[in-house]
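Below is a structure I'd like to ask you about.
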Amino acid sequence: MVRASARDEDVLFAARVSTKGEQSLADVDAEAGRSAGLINYLMRDRHGSPFEHTSMTFYVQAPIFVFREFMRHRIASYNEESGRYRELRPVFYVPGPERALVQQGKPGAYEFVAGSEAQHSLVIAQTRRACEVAYEAYQRMLEEGVAREVARIVLPLTTYSSMYVTVNARSLMNFLSLRTKDSEARFPSYPQREIEMCAELMEQGWASLMPLTHAAFVQNGRVAP
Amino acid sequence: MVRASARDEDVLFAARVSTKGEQSLADVDAEAGRSAGLINYLMRDRHGSPFEHTSMTFYVQAPIFVFREFMRHRIASYNEESGRYRELRPVFYVPGPERALVQQGKPGAYEFVAGSEAQHSLVIAQTRRACEVAYEAYQRMLEEGVAREVARIVLPLTTYSSMYVTVNARSLMNFLSLRTKDSEARFPSYPQREIEMCAELMEQGWASLMPLTHAAFVQNGRVAP
Amino acid sequence: MVRASARDEDVLFAARVSTKGEQSLADVDAEAGRSAGLINYLMRDRHGSPFEHTSMTFYVQAPIFVFREFMRHRIASYNEESGRYRELRPVFYVPGPERALVQQGKPGAYEFVAGSEAQHSLVIAQTRRACEVAYEAYQRMLEEGVAREVARIVLPLTTYSSMYVTVNARSLMNFLSLRTKDSEARFPSYPQREIEMCAELMEQGWASLMPLTHAAFVQNGRVAP
Amino acid sequence: MVRASARDEDVLFAARVSTKGEQSLADVDAEAGRSAGLINYLMRDRHGSPFEHTSMTFYVQAPIFVFREFMRHRIASYNEESGRYRELRPVFYVPGPERALVQQGKPGAYEFVAGSEAQHSLVIAQTRRACEVAYEAYQRMLEEGVAREVARIVLPLTTYSSMYVTVNARSLMNFLSLRTKDSEARFPSYPQREIEMCAELMEQGWASLMPLTHAAFVQNGRVAP
């Protein structure tokens, strides 16, 4: 997280302006400690707007197939590294031994189980080879004066990219509700593991800034208010 | 302004990630001083997204007819005092002697000229009387046990309300481009004076936080990028 | 409803492009009848995006205090009658005998019970009187050449206005989930009765266009997907 | 275009409700022919909201690197083919002989000139080879039981995908202003040629539905209102 203006306190003055009007200004510098009940009530009954007066900017490095899912979330601000403006580096994501490789179940509700050693070896070998061939092709075209935006079309979806994304706490909760899998969640989600890893890191950073809000989110079934 | 995370620097790392990727992290703590040219280029050619990684929360007190126009701006977060949850106070806006009262020209491009003394006296007297009668009616109904949300329907549009509004710099520029009148503006706007007064205060607060961005906005004809 | 492009069928091709790609084009002209299960699944697990490829434009006439709540819904397109451009007509909402007048309970969860005859008479009399005085003040100012945008500030919140609002089915479901009260709703809402009356009419219009989607919405606890 | 509810007439009733209130209902079924002046005025002075009461759903087939740019446009509804739910087909975009291959100028304002025959041959050969190797790797992993969402990470950005996208006319104009290059445009844009080809097709479809609006857009420098 490179910038943040996000505290539990920010929820309170925004919520209290409803009932207290101009007197809510006294809450701007109050401490949130005694107001866990109000935050919990807002979360439970899905009064979402008081959670919007916050802002967090994250720096994210992840493979392009993760960014593809990420940017479907429209209540957010993005700036990303450009394959048109910059020569992309040969940095690729290769699934590690802890990545469950075999899917079971139906579309929309896949479960994943561990792959065999042979499967893991295959994934590593094939991914590496495909990346090498693609990057060689990319380099060959650049060397011969072909534009970056043309040459990059051969690069694989597992190429790393980098971006800044800015969200408020409400939008982040929506992201987390869809991009993490949790048995306590009221509405089930089945995210791809790689975006879930991003989401988990973001959730940690957010939880340390807004612990009461995070606790209320978890306690109420991880439903974005 | 009750909260802000908005600096010229925030524009730079977001802009530079396009061309520098992970190296843009070095810009997160850099100073913006030498980068006025980049900010000006982004503004002129309307590359708007780098201006979004910022956040400002304003406390606004204004008459309801101003809030009605304000809330048409959808890229913003609002929480407002509620006439359902709170007994509204008898605070009303009455146009002062500096308020130009007479409109000329066509819908969409009204110009306003000063009213006569008689017109000013009339506006003050009529506004006061209408507010008094309305507030008495409101009080009578409350005293007899009528719900606040019913009683408040008699209150005039000039009743003051209060809210918190959170925007990013790009959204704020869009607001300012439409809600201020400026002979240097590339696209003309004809806002009602009362919302323009809000906009002017917000612009001042923003300009002190992001002076280079503000200067580039003015210099490029007050067009939101 | 003055325009609509909204059918249950529109949900299906959008949902099926995930699994069928270009073959989903065959669903563009298919009938939805046999696909109630898919629509129900999308609703239950909150896959919301396939419900967005629809559009409905409503003409709404309602008092200004209703429009104030309405326009807090940001995923929608609005154009409203303007008190700056037009002389407003003396048409006011006066609560009828069926309007429950007495609130009980806490902010955020008010219940309403019937008023006494005395209370109803009071509300009618006070509302009429406040409207009359306000409209007279408005007329007096207009007659003396005061601009419409100034004179209208005395008008009460119960003045009728008119607008066109365009939404897609997902946004409409969010509106309905918050602006109707239903004992079957999974998340409780306590809307003001007057906006609920608008919402009920809109729901009827929508249900006749997209009966399977509407049934799935009701069956799954009126949670916007 | 698979669905549309978009006519020049839709702009008119939405614009006229400002000045005519309930009488604008008479415009709902009026013809736009005599109202080119109003549409032109709205476009020139950037009164954008009346253009939003329209809806167009396009089916788009394009390479993933085009979709990556497309989905940065947030005022739109998307559903896309999924590499998690479906085995992707071996269909790849290979730049043809008309594709200018050599970039000149600075980031943000590249101009492109024709490549040599050698460059074209190289691009075709390298792209084909990278696609073949990648698709073989993909197939090998699928055959051995590796999940689709893992195997697809090796596929190149030039792989074709398919989606439905729904926009209103205002949002479409914003898209066109940024994703087409036109010497008459008031603000210059330098889109990648492949997304511009999509944009040109979409513009044609839109122009035939809303000819007066399209003409006003072109005439006023292709600035989204």
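Each chain gets a letter, A, B, C and D, in the order it is written, and its residues are counted from 1.
Going forward, a residue touches a chain if its C-beta (ideal position, glycine included) is under 8 Å from a C-beta of that chain, and two chains touch if they have at least 3 such contacts.
Here the structure is a predicted model, which is why all the values come from computation and not from measurement.
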Interface sides of chain A and chain C: same vs different residues, half threshold: same
C-alpha-based rotation, chain A on chain D, 0 to 180 degrees, nearest 5: 180
Intercentroid distance (Cα basis), chain D paired with chain A, Å: 26
Approximate Å spacing (C-alpha centroids) for the pair chain B, chain D: 33
Contacts with 2+ other chains: residues of chain D: 18-19, 49, 72, 78, 82, 85, 107-108
Residues of chain B touching chain A in the complex: 2-5, 10, 13-15, 17-22, 24-25, 28, 49-50, 52-55, 57, 59, 61, 77-82, 85-86, 89, 161-164, 166, 168
Sites on chain A touched by chain C in the complex: 18-19, 41, 45-47, 49, 72, 107-109, 187-188
Residues on chain D engaged by chain A in the complex (per definition of touch): 63-65, 67-68, 71-72, 74-75, 78, 82-85, 93, 95, 99, 101-103, 107-108, 110, 112, 115, 118-119, 122-123, 126-127, 129-131, 133-134, 137, 140-141, 144-158, 192
